[in-house]
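Provided herewith is a single structure, encoded as structure tokens, for subsequent inquiry.
A, B, C and D label the chains in the order they appear, each numbered from 1.
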Amino acid sequence: MSSTFGNFLKVTTFGESHGGAVGAVIDGLPANIPLTEGKIQIQLNRRRPGQSDITTPRSEADTVKILSGTENGLTLGTPVTFVVENLDQRPGDYSSAAAAPRPSHADYTYTMKYGITASSGGGRASARETIGRVTAGSAAEIFLLEKFGADIVAFVSSVGSITAPIIDDLEGLTREAVDKHFVRCPDQKSAEAMERLIREVKSDGDSIGGIVTCVCRNVPAGWGEPVFDKLEALLAQAMMSIPAAKGFEVGAGFASAAMRGSEHNDIFVAKDGRLGTATNRSGGIQGGISNGEPIIFRVAFKPTATIGKEQVTADYIGNETILKPTGRHDPCVVPRAVPVVEAMAALVLGDMALGQMGR
Amino acid sequence: MSSTFGNFLKVTTFGESHGGAVGAVIDGLPANIPLTEGKIQIQLNRRRPGQSDITTPRSEADTVKILSGTENGLTLGTPVTFVVENLDQRPGDYSSAAAAPRPSHADYTYTMKYGITASSGGGRASARETIGRVTAGSAAEIFLLEKFGADIVAFVSSVGSITAPIIDDLEGLTREAVDKHFVRCPDQKSAEAMERLIREVKSDGDSIGGIVTCVCRNVPAGWGEPVFDKLEALLAQAMMSIPAAKGFEVGAGFASAAMRGSEHNDIFVAKDGRLGTATNRSGGIQGGISNGEPIIFRVAFKPTATIGKEQVTADYIGNETILKPTGRHDPCVVPRAVPVVEAMAALVLGDMALGQMGR
Amino acid sequence: MSSTFGNFLKVTTFGESHGGAVGAVIDGLPANIPLTEGKIQIQLNRRRPGQSDITTPRSEADTVKILSGTENGLTLGTPVTFVVENLDQRPGDYSSAAAAPRPSHADYTYTMKYGITASSGGGRASARETIGRVTAGSAAEIFLLEKFGADIVAFVSSVGSITAPIIDDLEGLTREAVDKHFVRCPDQKSAEAMERLIREVKSDGDSIGGIVTCVCRNVPAGWGEPVFDKLEALLAQAMMSIPAAKGFEVGAGFASAAMRGSEHNDIFVAKDGRLGTATNRSGGIQGGISNGEPIIFRVAFKPTATIGKEQVTADYIGNETILKPTGRHDPCVVPRAVPVVEAMAALVLGDMALGQMGR
Amino acid sequence: MSSTFGNFLKVTTFGESHGGAVGAVIDGLPANIPLTEGKIQIQLNRRRPGQSDITTPRSEADTVKILSGTENGLTLGTPVTFVVENLDQRPGDYSSAAAAPRPSHADYTYTMKYGITASSGGGRASARETIGRVTAGSAAEIFLLEKFGADIVAFVSSVGSITAPIIDDLEGLTREAVDKHFVRCPDQKSAEAMERLIREVKSDGDSIGGIVTCVCRNVPAGWGEPVFDKLEALLAQAMMSIPAAKGFEVGAGFASAAMRGSEHNDIFVAKDGRLGTATNRSGGIQGGISNGEPIIFRVAFKPTATIGKEQVTADYIGNETILKPTGRHDPCVVPRAVPVVEAMAALVLGDMALGQMGR
């Protein structure tokens, strides 16, 4: 179990979906950063289930409380602790899971890791763990904005095979624009098509994957630590640690594999007093270090493994069995992944900011 | 500068292309693993420039020496140190770089990170740094094979827009089959097309990107550390820390975003005494932990930034300038990235193996 | 700020004396360890102020709550979070501190570290931070006892110049025997003399230092990680990180400097089925690794810097000023340091236990 | 095996006494620090055996070579690798050790840790491992002197029961003064008495312990990381990780336990433009952070376990056996520990310097 992330800005998340609370401790934030529960709550609300009639209908309040590290609305430079109570707390029910592992869930692998009888740790594979990430990530976002004017906006760029057109004005994109439609795609036409697809998938008792695109703006040049803690490497780790993430790419990403150097290279140009690049196929990172251009990356999420259909699978002993659907599920988690992607980006950038401030 | 990787199996690489030597120290390998210079040399030779007439013609011998950690061909359980002398050692020449940063190189970002006059660290962004990774990774590979029978084979699956068909028998694929053609694509027809493309690109004074696919076999179920050190998260960090990597995906990867849950879920079936899955869209990892199926991932590499063409760009002050090509370059580094991908995969798996052995 | 300790068993403490709560998160405890709030409360009560009329009269309840990581009284293998509310919560009053730094307090150094105006972090230098250590350490103690039968007992061996005679039966010493007298010296005659000295010091408005001796029993041979994480090195770090600690020694300690090798060497003898040593000048550790004998070390604590006397000192600008005593203070903190020493020992041993279980 | 030390300035040592080489990699040193083999060699020569007729007569040259991280005598900001060849290389001879573990050596504990048959790791418990520490520590010393004007001087303050009087002018003490007599006690009368004692002990075939005192000057206020990486805590870990160290104390140390607060408190006074303290019982550290006064600490070393006398002990099976002396030994290692203590102090201070530079 590795519940701690970061070298200079360290976050530790804790809590199971069926326990008393979930949350996080973040250590390394400088003093005098304005930080209140209200600011953290905003992103928590964006992560919350039940934001529309097509997401999970559980509507826990998910209210954050700050237990330490602030005074009079300012950070003290000490560990900040965020706690969110589990109101909907139920004792873990592993009876059905014990009979047959759910396909493409963590049931089987956790059992193999922690031993056959243990329900150990499984609760940490739950999406509810990401609450801790969002609280700590929001604090990191505030630090980045206050100290560097840097900000982060993520949005849904694909649901299933519906892909939004390239957003022209990534530098001007706001979270308000993203949130106009609850699928969190700022292109309204695509958003509506995505909604239709999600409703169709839902009525089929199925689920669907999608892609989140993220842009980080006003990140100063010079962040990232060669050799192993390159900025893109830590972003990749951060994103691929989010439940259901299956792919990560930065800048031109996989498409760059099909390009020639003369096409891909970002030529330098003068830009209001600094050196910039005419194009941004590098995605704002060269040689593992930010170059001052917007950092752009994409994260692919698989469809939720929990579906409303029967599945013919095997139980733990290997006997064929039919797994029946139980309860409700979220047909497409990607809109709710948006604040989680933003949070993890903020944690990586905050970490690298502190690393560079040491020079 | 973060030159150390791993939690339980820690590797530190060192050395600049223009210094005396490059290499690595690996700490955490158990005792009594058979480890000789000859075994390490095999992968170093696969990484070496000058393996064909279309790669970089520098042909340094790159001979590895083990300085510590073994006796009579066996590891002692102490740090193993690998050193490879730089025969072609030249004092760093930063005169042209000082005038104008090379587009999509690390020149500009390193300067912004370490200060305007310093040539600091730039040598660590060189591909030569990967020698240390290959030496330590080869040692980790031997550990994995000896203790668990696990092995790793990577190969080139795309060069530019030429993509090899899906390899049916990933479980039977050998490095010998991969190395039959120097582009390291085991599908001979694709390999020949790739070679033609690389020769064309080369004669244009250009470069081309590509994709490396990697399969890790006989990895026991249970490896990987939730929450932040999920197996796919550490693989992502490891791969994205390789110079020129722009994308990472595991299992169905980005394609999974377009799938429905009922399509993507890997149904369980009995497989010679263990529980396996009928399909492997998860790529051998569920919930961050290996499930006993082959681990399959892909890494996208951009085209080399160094090209044989003039580039109209800006100097450090922002004035337009023409950057002329200097010397020779490697039109496609992807075949040589194959052993580096294998090495980084071995370092991650070795780390997670030790993590799990602690349970 | 480095609020995280441990390699394999990681504890993060949080909270300021004037904030909402203090506590800790401990990550790495195996599943199925019996762990309840009641068990943790026992050591918290031993650490609590106001246990006798001569300690700090603040009598906060210091009631622990477990927020995560357990179910039905058993650990889940996930992070366990302990929270203790600050009932006596008052906004930080830095007005007098702002005028003049208190001699031998952290006022001046924290100001120099975090900047002149900031009250940053100072709350973390408070003794109240040790609550988090005691909660997490108690959990580690339970793990050590359950899995290995190992236990830890610390006691006060000196107060001022009163030093208890060597305890003959360290293997049979119990916490009950230690707690018979509130100064926590199991030798009753010494305990009474210590009490008299503490009362005398108190009536003088002064404070007094002391020494805590700790014995760890039934620790298996083989714990400790050469080279830098030797068992005695991590114990030293752990103990010297306790507020007011000024010295650490293991086995014969400083006295060994005056010995000859022929006097100091611990000769091996057969001991019920294992190899033991006839003497234990090594304090249970040789070459950084436990040898199966009781681990014995001592920690020296300076007298509390807060005293009830006027002190002629300088303000931040350097002008001479008279610092008047404010409020009440604890004339001798050493009895209350006993459970803190035990907690830190448990965290180190738990960490090394997990490290060794990986082999 | 934990061969890496430091958070921001990371050093990894490698090598066994019977292998090809020993050395270290240090990562995190800023660029443009003047660093040459000649400067490192000075401290290596002070650590070398055979400096007088009463130390170990092995006289290996111990010549350091820098393999990476510098160019034209300046650091590059990349990992610096130091290698010292083992000229006197002999295959490990464990035949006698295999029969009976040497009392108070690491033979038994290493065997219990790594398994009964393995000679694993034992070579890392050898004093020769400290060569790596001295090379990296010397580099850290140069960084501290160049950037902060900080320097470190250690000396022998006790051998056996001969203790030098308090050195009045710790701020003016030089290494030249320390090295005037080969026992490295700057008080000549004490040095001569110590020499006589060592000769007597040697002629008895015995060994003797001692104490090293260390002073670090011009360390700026503000270094050290609360809570667990307090400056005294990391110094304690660093010193207690040196082979044969049994005790550590800072400032008044164990003596402070017998003091009253009114005696121990260091009153503030104005000192050439900064706030200083009239006394220095804190040893330059308050609340885990440097206060600008000299940092003073002491390290107790036990007598070498290897002696020239027969010892009646038990073999691995538990049968009584007589262990005969083999070869020559060093009757008092404390003079040679002086540069090792300085090196470890420099590594801790360099680490904390980088930590504080990040604020």
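Everything below uses one rule, namely that a residue touches a chain if its C-beta (ideal position, glycine included) is under 8 Å from a C-beta of that chain, and two chains touch if they have at least 3 such contacts.
Note that the structure is predicted; figures quoted are calculated from it, not measured.
Undergrad: Between chain B and chain C, how many steps is the shortest route if every step has to go to a touching chain?
TA: Graph distance in the chain contact network comes out at 1.
Undergrad: Compare the CA centroid of chain A with every other chain's and tell me the farthest one.
TA: D
Undergrad: Of the chain pairs C-D and A-D, which one is connected by the greater count of C-beta contacts?
TA: C-D
Undergrad: On a C-alpha centroid basis, what's the spacing between chain C and chain D, in Å?
TA: 26
Undergrad: Using mean CA coordinates as chain centres, what's the gap between chain B and chain D in Å?
TA: Taking the average C-alpha coordinate of chain B and of chain D, the gap between them is 39 Å.
Undergrad: Centroid from C-alpha atoms only, then distance chain A to chain D, rounded to Å. What do you get?
TA: Each chain's C-alpha centroid was found; their separation is 46 Å.
Undergrad: Could you say which residues in chain C touch two or more other chains, in rising order?
TA: Expected reply: 1-4, 13, 114-115, 121, 124, 359.
Undergrad: Which positions of chain C touch chain D when the two form their complex?
TA: 1-5, 7, 13, 100-101, 103-106, 108-110, 112-115, 121, 124-125, 129, 158, 160-161, 201, 204, 206-211, 221-230, 232-241, 243, 245-254, 256-270, 275, 277, 281-283, 285-292, 300-307, 309, 311-314, 316, 318-319, 356, 359
Undergrad: So in the complex, which bits of chain D are touching chain B?
TA: 1-4, 10, 12-16, 18-23, 25, 27-28, 31-32, 65-72, 76-81, 83, 91-92, 114-115, 118-121, 123-124
Undergrad: Using the touch rule from the top, collect the residues of chain C that touch chain B in their complex.
TA: It comes out as residues 8, 30, 354-355, 357-359.
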